[in-house]
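Some notes on the structure that comes next.
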Amino acid sequence: MSRTLAFLGLGAMGWPMAAQLARHTKETGGRTLVWNRTQAKADAHAREFGSEAAALPEVAAADVIFSCLPTSAEVDEVLTALGGQLRAGAVWVDCTSGQPEAARRQAAGLAGRGVAFLDAPVSGGPGGAAAGKLTVMVGGDTAVLERVRADLAFAAKVVHVGDVGAGFAVKAINNTLMAVNMWAAGEGLAALARTGVDLHAALDVINASSGRSYPTEALIPQRVLTREFPVTFQLGLLAKDAGIAAEVVQDARASAPVLTQVAALYRAAAHSIGAEADYSAALKLVEQMNGTEIK
Amino acid sequence: MSRTLAFLGLGAMGWPMAAQLARHTKETGGRTLVWNRTQAKADAHAREFGSEAAALPEVAAADVIFSCLPTSAEVDEVLTALGGQLRAGAVWVDCTSGQPEAARRQAAGLAGRGVAFLDAPVSGGPGGAAAGKLTVMVGGDTAVLERVRADLAFAAKVVHVGDVGAGFAVKAINNTLMAVNMWAAGEGLAALARTGVDLHAALDVINASSGRSYPTEALIPQRVLTREFPVTFQLGLLAKDAGIAAEVVQDARASAPVLTQVAALYRAAAHSIGAEADYSAALKLVEQMNGTEIK
Amino acid sequence: MSRTLAFLGLGAMGWPMAAQLARHTKETGGRTLVWNRTQAKADAHAREFGSEAAALPEVAAADVIFSCLPTSAEVDEVLTALGGQLRAGAVWVDCTSGQPEAARRQAAGLAGRGVAFLDAPVSGGPGGAAAGKLTVMVGGDTAVLERVRADLAFAAKVVHVGDVGAGFAVKAINNTLMAVNMWAAGEGLAALARTGVDLHAALDVINASSGRSYPTEALIPQRVLTREFPVTFQLGLLAKDAGIAAEVVQDARASAPVLTQVAALYRAAAHSIGAEADYSAALKLVEQMNGTEIK
Amino acid sequence: MSRTLAFLGLGAMGWPMAAQLARHTKETGGRTLVWNRTQAKADAHAREFGSEAAALPEVAAADVIFSCLPTSAEVDEVLTALGGQLRAGAVWVDCTSGQPEAARRQAAGLAGRGVAFLDAPVSGGPGGAAAGKLTVMVGGDTAVLERVRADLAFAAKVVHVGDVGAGFAVKAINNTLMAVNMWAAGEGLAALARTGVDLHAALDVINASSGRSYPTEALIPQRVLTREFPVTFQLGLLAKDAGIAAEVVQDARASAPVLTQVAALYRAAAHSIGAEADYSAALKLVEQMNGTEIK
């Protein structure tokens, strides 16, 4: 069966994800349409990977439409722009790190036109996308997931986590756990720095002990101790994700004093350090709060 | 050179650590004296590993005295009991998860009798001790460390982290990072449980993503989801460690809102769930706070 | 000009507020209709204060409709029930401690039918209502406020604080500040109790010093030290208000680590102590967390 | 009976307190010795109030010695300098906002020389001191308190709160409650500012409602909204007081997540805004964290 896939949003993640789709449809005899707000980027993608640059209305013809945009607000915009053009029987797969409440609203709107919706955010970073090794956490109907599972060419692991919105909820919690683990490690290292402990030695020990986490093993050694803070994922987007986690907590009438405190601190970091900085630069606020450097 | 080592405190960690020392001195022609508050335990250790059960005054004759006790208060007690009997030239290696301030005070007291002091807490758990694979974080003089390095038979990795007290500081921070990572994961999972997400699926995703940490990879799946909470490390001791981290922060005039909040929450868990419960049972307080179970 | 007022919701606050309206319209030659989910309460109000018990559709004829319900969800329900029956030119004054987002949505919906909306939550408690001495914080158009100002017979102080939703936002922040001040005082007293300080003496000092607040001056001496915890305002409703404050913070992209932490703790108290308990019973969770009593 | 009083430390509080003592001893036929690190200040005090400037050794002759210094560390310094010169039967009354642990240590040291000790910190500010209207919270033996009660000429209210150290503990908790109440109000106002609410109107409402506290009634209107932040009590000293509260909590094995979080935030403010700024300038950190001004 020849499939037409569409991919909306060729950012740091979307670009390599769409490349995997193009490779996949080339092998299976289908087509991959790509759209980006800046058209030139779509043209470049087509030249490099054999996808087809499309105007927004054209993607309405696809069997499966993937979106990977900064926030749910941009997904709302493309949905509004596409209006009634989507065709019944299509599946919309939103890989944005979006809001569960938006997913439920969008799914309800699309259902009225006969279009199914899955929230399907990913983890693994641009490297994982380029290698086709992403993890996808899917919210929505399992039967719908089965209709598109073979199309998720960018994924090494696909996990169904619940109803519509559950994918976004798990993604927001995951990113916020990472944010907590990084911030706490920053606090601990700043305190140790003030007592004269060598931080490379401290991290060496922690990474051989129970305090280890992804930030102590990778982010802090590579981005903070080096003072490089290379921008691969913006601080403002992580603050947004932590805010979504706070919404998940609030909507569930849950009690999460640590997650919500940390969400507040990342919001503070985005305001005071800059939303465009790398997310690891949140620790610059920890440094200011402690009058010391983590190096 | 024939060495006499002494080991004080044959608890969950001390028992296998002292066994490693006994194996080591057997190979190198030395002796390992063991002392425990309950004498029968020392006798049993001697029978099983070829160490020698000793009365407290007898350990004063050792070249190197190791202590591994619940808190710095018990170390103070044995130091007081030994009084002036320690001999000049000996080295005291305290593997307790102790307080930096106590280490500085104890080191100063011992220095007056010509005894050197290292704070040398360990990580790796009873399993790591039995395998001789512990990580040791050492505070104190590097020359003193070199005098005893060959005696650290329970260690796979020895890291000098700073002056006297620095080992305890790093250990307290490490354990508190673990405590933060576990508590935050508990909050996130409780919120997801309230929204109907399957927690096994959520952990599956998190452990393939950036939110992973030692508690999400090992503790929560093995101890919490199973509802077993097996007691291997008491909640009260972890609350004590987090309290030491709070002291480190306070003494350094550092600012650590997340670490100190979490220290307060573990203290609350020790009060409300019970100090003798397993440390993973701290998440029972998270469950009560959320009116749900993490399972 | 003879005015017809309607009042929906005869709870602890609504009952005396509606009584003030009835007294006022008796003096000015108008009518006050009252509606309550339980009709018998409206009948009793009519007998006692000369108001008129009304069925829900009948209130649609009023010039000004006041609502004072547990949450915005109940306001949504009565709005839906009244459907298209409201008449153009009426003003809806919602005295509920509601959600700003709901206010904006409700105002937009009513505007389509020619009905103006003000969010106008109150403070001062049942006693203040009975005395006609409430403070009203009003969000919405100032011209609309002037059209109903003379009808606010329960108020001693009316403050316009901003656009639609601003009244609810200020109310939520006010209640959350009270919640913070009470919780912090509870923590401080619990710590002092554990050190053997007499809490009556401590409160005597604090209330003559800079640490004083409404909870230390009134709530804790009257409700907690006495161990009475009389139910006048439910803990679950205060947890809801703190949750609204958290939504205000999130919607404003603000950073409020203390407010959001305390919102989480009140949610925890509602789950573990009980949502129907008096709001001062939140300090029972503080007591459990500290293994002591505040008395 | 003619009494000789001594007062050490003529700062913002000590200067008017010592003036009250001088007035009192003039009336009762005694003497008031004053000492200050900068001798010129003591000379000026003597000229203005009829006290007698004294060298440090001379104060050892007094019946009652008052100290009012920045921290317990400075009290340790004068105690060391006075060495064995204090005479048995004297009473040392420390009005510093000191550390309970230091009080216990100092009291034990003085007891060995026959000198009694009371920790007696005050509240009411320089204005209260000048009017002789301070509140004094006293820790120590009640019999000792009775021996000096008539000498507390700067006090309108004297409350015995417990054993040695209890006065300092209550003072630290009081100041930290004020700090919590101010910070929380700052967060709430910053969030409201971001939503377009007029902050003068918001404070007008809050101060007529349950959210009111000393900071909302006095500090924020007078110091923050005016953008004046006049330096009357240094931010670094309030951060120190909050740190003492954290020590009280830790020593008592209490759980105070809000107090300790706020202690961390004031430490952060002292590092990032400056320890010499007025304590109300802590809200400048709230402003930075929110990208807005409280005005």
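Note that the chains are named A, B, C and D in the order they appear, and that numbering of residues resets to 1 at the start of each chain.
Quick note on the criterion: a contact is a pair of C-beta atoms (placed from the backbone, for glycine too) under 8 Å apart; a residue touches a chain by one contact, two chains touch by 3 or more.
All values reported here derive from a predicted model rather than from experimental measurement.
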(Q) Counting C-beta pairs in contact, which chain pair has more, A-B or B-C? (A) A-B
Q.
Quick check on the interfaces: A-D is repeated by which of A-C, C-D or B-C, going by over half of contact pairs matching?
A. B-C
Q: Between subunit B and subunit D, tell me the centre distance in angstrom, where each centre is the average of that chain's C-alpha atoms.
A: 39
Q: Provide the C-alpha centroid distance between subunit A and subunit B, rounded to the nearest whole angstrom.
A: 38
Q: Determine the centre-to-centre distance between subunit B and subunit C, using the mean Cα coordinates as centres, and give it in whole Å.
A: 51
Q: Could you tell me which residues belong to subunit B and also touch two or more other chains?
A: 249, 253-257, 261, 264-265, 267-268, 271, 289-290
Q: Quick one: which bits of subunit D touch subunit A in the complex? Just the residue numbers, please.
A: 257, 261, 264, 267-268, 271-272, 288-291
**Q.** Footprint of subunit A on subunit C - complex, ascending
**A.** 243, 246-247, 249-250, 253-257, 260-261, 263-265, 267-268, 271
Q. In their complex, what parts of subunit B are in touch with subunit A?
A. 100, 123-124, 135, 137, 157, 159-163, 165-166, 169-170, 173-178, 180-181, 183-185, 187-192, 194-198, 201-202, 204-206, 208-214, 216, 245, 248-249, 251-259, 261-262, 265, 289-290, 292
